[in-house]
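Next, two complexes with chain A in common: one pairs it with chain B, the other with chain C.
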Partner chain A sequence: MVNLEELKENAKELLKQEKVKYIIGYKRGTNGLMPVPAFIKKPEDVENLIWDPLCIYNLTRFLVDEKRKKAKQKNPDERPVGLIVKGCDSRAVNVLLQEKFINREDIYIIGISCENTGVVDEKKLVKKLKGKKVKKIEFGKKNGFIVSTEDGQVEVPSSEILAERCQECIAHFPVVYDVLLGEKPKRKPDNPFKSLEKMESLSREERWTFWKEQLDKCIRCYACRSTCPMCYCDECVVDTINFAVTADTTAEEKAQKIKWVEKSPVLSENFVYHFIRAIHLAGRCIDCGECERVCPLDIPLRFLNKKLEKEAKELFGYDVGFDPDRPSLVSCFKEEDPEDFIR
Partner chain B sequence: MAEEFEPKIVAFLCKWCSSAGSDLAGVSRMEYPPNVVPITVMCSGSISPLYILSAFNKGADGVLVSGCHPGDCHYIKGNLYARRRIALVKELLEFIGFEPKRFQMSWVSAAEGSKYTQIIKDFVSQLKPLGPQTELRRNL
Partner chain C sequence: MKKILRKKSFLQWVKRLESYKIYAPMKDDDFWNFALINNPKDLNLNHSNTVLSPKKIIFPQREVILEFSTSNDSELEVKEILPEEKASIIFGVRPCDARAIPLMDKVFGGDFTDPYYWKRRDKTILVGLSCNTPPSSNCFCLSVEGSPHSKEGLDILMTDLGDKYYVESLTKKGDQLINLAKNLFEEPNAKDNKDLENIHKDSEKKIKRQIQDIKNIPAKLKEMFESPFWDEESLSCLRCGICTYLCPTCHCFDINDEIISSSPLKGKRVRTWDNCQFPDFTMHSSGHNPRSDRASRLRQRILHKFQYFIEQYQNYQCTGCGRCISKCPVGIDIIEVLNKVENYGT
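On to the complex of A and B.
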């Protein structure tokens, strides 16, 4: 079992010895049970740190912001940032390392194992409790959760409220860390791509109807892009507002600035956005599920990414986020890569 | 009688092989349907998935991507990167339910003028019964 006191103790030591600038973790929010990200700078504040099955967020995204902030500082604090990661989050760190977006010495990774469960799906939880207010939720001894409501404690098996991505997770523990809390369980999902089965069994027309309906809803708020740790490009092909033409804009610059996609949230343009988003995340998305969680219109974005994760695995034997030293999915090839689709 | 539907094909051809192959077809006066808008790129490895999407977005009924045979790429391995990347594009297009017959990839060498004409002929006859592509076409 992961011991919260041990986590706090570790964090406190790091801050006391001034080994890290600050620590990014989870704390209780002011609005109900959901945690919020915590930026702990002082040793005494480690008391705010929490760890429970609602620590859903992938905090790795803050490394992107940290890097941008640091780049603007004149005399930046060169100490690493402490970061609390789950298994999936640690694979995001690995991808950022693999792409040399961050340096290993700039982060101190506090890994927490999800052991036999993972995080809870908020929506499933609300449904399961039929509106009853949750006071507390903890990891159970074996593989469930202990949920406390005003009517007392109930044990809920993980199959009922565990997030779908956790059910399909292939490593429930951090794969890169400086300190690890909890055990590394040896458990493999029966089928890591189970959620895709239903979609793949539909006919082509049905799939089209499905995606047409889903992507038509998108209002292009770009929350999915803002939350993704891999969406760190300084400029994104879907933005055209930065196409400012002045008297000094050269012909070359204009030629480079093609307006690939219109801003209007209409189906055709949404398709381009989501297609490019998915493709650019191929071999990079570690299935933290953040994009889908933040989408105000509940578009099942995870499927698009998961599909490419599956193809990466099946066509090219590529696992995402395990080895920062190997080339990324599309910056390498094998002689025997399939080409039966090529004439 | 209504006129027969003529599909518009956007073909991304690498300069060193496929584009030269299409030139050979031209100078040898081989006949093939005039439905193609060829776009010469330096290498099949330089074709971004966005080019393909954008072509459909701007109304292409079919898109062809063509490069040198493996081993013949002018930049040694550009086409092998392309092979991987385009396989993902193809899978994703099919996953969202887009008609897979509208997309084609091929290897055409500078000497394969007749292979090129055959590919275009077949592609056109494959696209005709499908009618105009409206799914991804810009609709503002």
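On to the complex of A and C.
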């Protein structure tokens, strides 16, 4: 079992010995049930750190901010940033390393094993408790969670409230770390692409109807993109900043800048946005499920990315985020790559 | 006008309103959102807070304001498109969302009246529902001069009294709706009035969250423009647009030309919601961005609501609905931010 005290001790030492600039972890929030990201700078503040089954966020995204901030500083602090990662999160780190977006020496990775469980889906938990307020939630001894409410404790089997992505998780433990807390589990998922089965059994027309309905709801708040560690482009195609303007740029040139996607949240533009994003995540998405979790309209974005993950696996035998030294899927070509789908 | 409507007569009332377009909260799997009601039977007033506020009906996220084209002799033709709306009624408006509408009226009224906004606004009737229990755990209307039974901005306020609704009409438009089905309504008796008073009083006690002392905040914020506070508070901000798109009072918009064909030229001028959290918000054509990082963007959101708006219109531009708090993916909490502002440097 991961021991929170051990986590705090580790974090405190790192800060005391000034080995890291700061540590990104989880702390209690003020807005409700869910923990919030914590940026811990002082050894005494490690007391705020928590680890419980609601620590669902993938904190890797903040490495993108750190890199941007550092690039602007004149005399940057060269020490690494401490980062707490679960298995899925660690694979996101690997992708960023593989793409040379970050350097290994710029991060100190505190890995946490999910052991035999995973993290809890907030919506499922709220539904399960039917309005009762959660006071505390812990990992159970076996495969479940212990939830304390005002009416006492209940043990909830993980199958009922586990996040969907954890049910299909292929590695419940960090694959890259400097220190690891908890044990490596033996459990293998039954079928990592189970959630796709229903979608795949639908006809093309049915799928079209489904996605039309779903993407019609999108308000283009871009929370899905903003929380994704892989969506790190300096200029995203959907923003209208992708045009360098100087004092000499004429009005005509400005008027002729290419807009790939209109700002209007209408079906055609929403499709373009989501398809561009999905294609750009093929072989890069590690299925942390963050995009789907943050969507205020509950659009099931995981299906899109999961499908591409499956294609990468089946067509190219490619597993995402396990080996930072392997060339990335979209930037390499092999003689034996299948090509029968190219028409 | 104060009336009583039996719950069993509610459906009949709605049926009598068939000449109007009717919007109400509808459930979509796990969440509520305002939608056009085709069958009065679908109308159900048990909703928790809707994801988006009813601002999206009066001030839609996208609207075409004009169309342009060049004909063969390359004459440019421009056609203004004004919304041609049927009169509509929005049921189930929460008092916080209703209070947001007079705030938008100020922005889209005043020296320059925005015809696109007012075409819809003038034809919309707002029927509110008081919150006997707060629809969100992050409700804080009491801190921003509102209340769970506020009448501001509404044409009718309904209050659930168990097997009946207390229906108070506040404007002529409201009276009209009641008059269309006069026989369904009864006069309230002394007990109904007493019940209403008690329910309203109780509902205030159930609001758990509050801003400590909002009075000092505008002046305090004014001194904090350059403060490192904003860097600290925005550390986890993802720069998504949830907080402002879901906010009932945020009203920034952008205008773009959408080209359908370049030769012969044909296209539309479109207004869409804009968002102070986005990287291209108010970016100058020179490439200079006055709000280039997340600290200055968070500062913009807070200062606009609690300093600039007060200076310009003598109101807070927040009605305490709690949406930006509940839906923030990283838990940035506007109440907490303001409480910290209040205590900052003391």
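The working rule: the second predicted complex is superposed on the first by the 326 of 343 C-alpha atoms of A that agree within 3 Å, B and C clash if a C-alpha of one lies under 4 Å from a C-alpha of the other, contacts with A are read in each partner's own complex, and residues count from 1 in each chain.
In this section, contacts are C-beta pairs under 8 Å (C-beta built on N, C-alpha and C of every residue); 3 or more make two chains touch, one makes a residue touch a chain.
Every value quoted in this text rests on a predicted model; they were computed, and no experiment measured them.
In the superposed model, A:311 lies in contact with chain B only, and not with chain C. Of the two partner chains, chain B and chain C are each touched by A:264.
By the touch criterion defined above, A:282 reaches chain B but does not reach chain C.
In the overlay built on the shared chain, the residue A:233 is in contact with neither chain B nor chain C. Of the two partner chains, chain C is the only one that A:57 touches; chain B does not reach it.
In the overlay built on the shared chain, the residue A:330 is in contact with chain B alone; chain C does not reach it. Of the two partner chains placed by superposition, only chain B is touched by A:211; chain C is not. In the overlay built on the shared chain, the residue A:338 is in contact with chain B alone; chain C does not reach it.
Applying the stated touch rule to the two superposed structures, the overlap between the chain B and chain C interfaces on chain A comprises residues 262, 264, 266. Considering their complex, residues 199-200, 204-212, 237, 260-262, 264, 266-269, 271-272, 275-276, 278-279, 282, 304, 307-308, 311-312, 315-316, 329-333, 335, 337-339, 341-343 of chain A touch chain B. Touching chain C in their complex are the following residues of chain A: 29-32, 34-37, 39, 57, 61-62, 65, 123, 127, 217, 219-223, 225-227, 239-241, 244-247, 254, 259, 262-266, 290, 293-294, 296-298. Here chain C touches chain A in the complex through residues 28-31, 33, 51-52, 61-62, 137-138, 235-236, 238-242, 245-246, 254, 256, 258, 270, 272, 275, 278-280, 283, 285-287, 289, 294, 325-331, 333, 335-336, going by the rule given at the top. Taken in their complex, chain B has these residues touching chain A: 49-50, 53-54, 57, 70, 77, 80-81, 83-85, 87-92, 94-100, 104-107, 119, 135-140.
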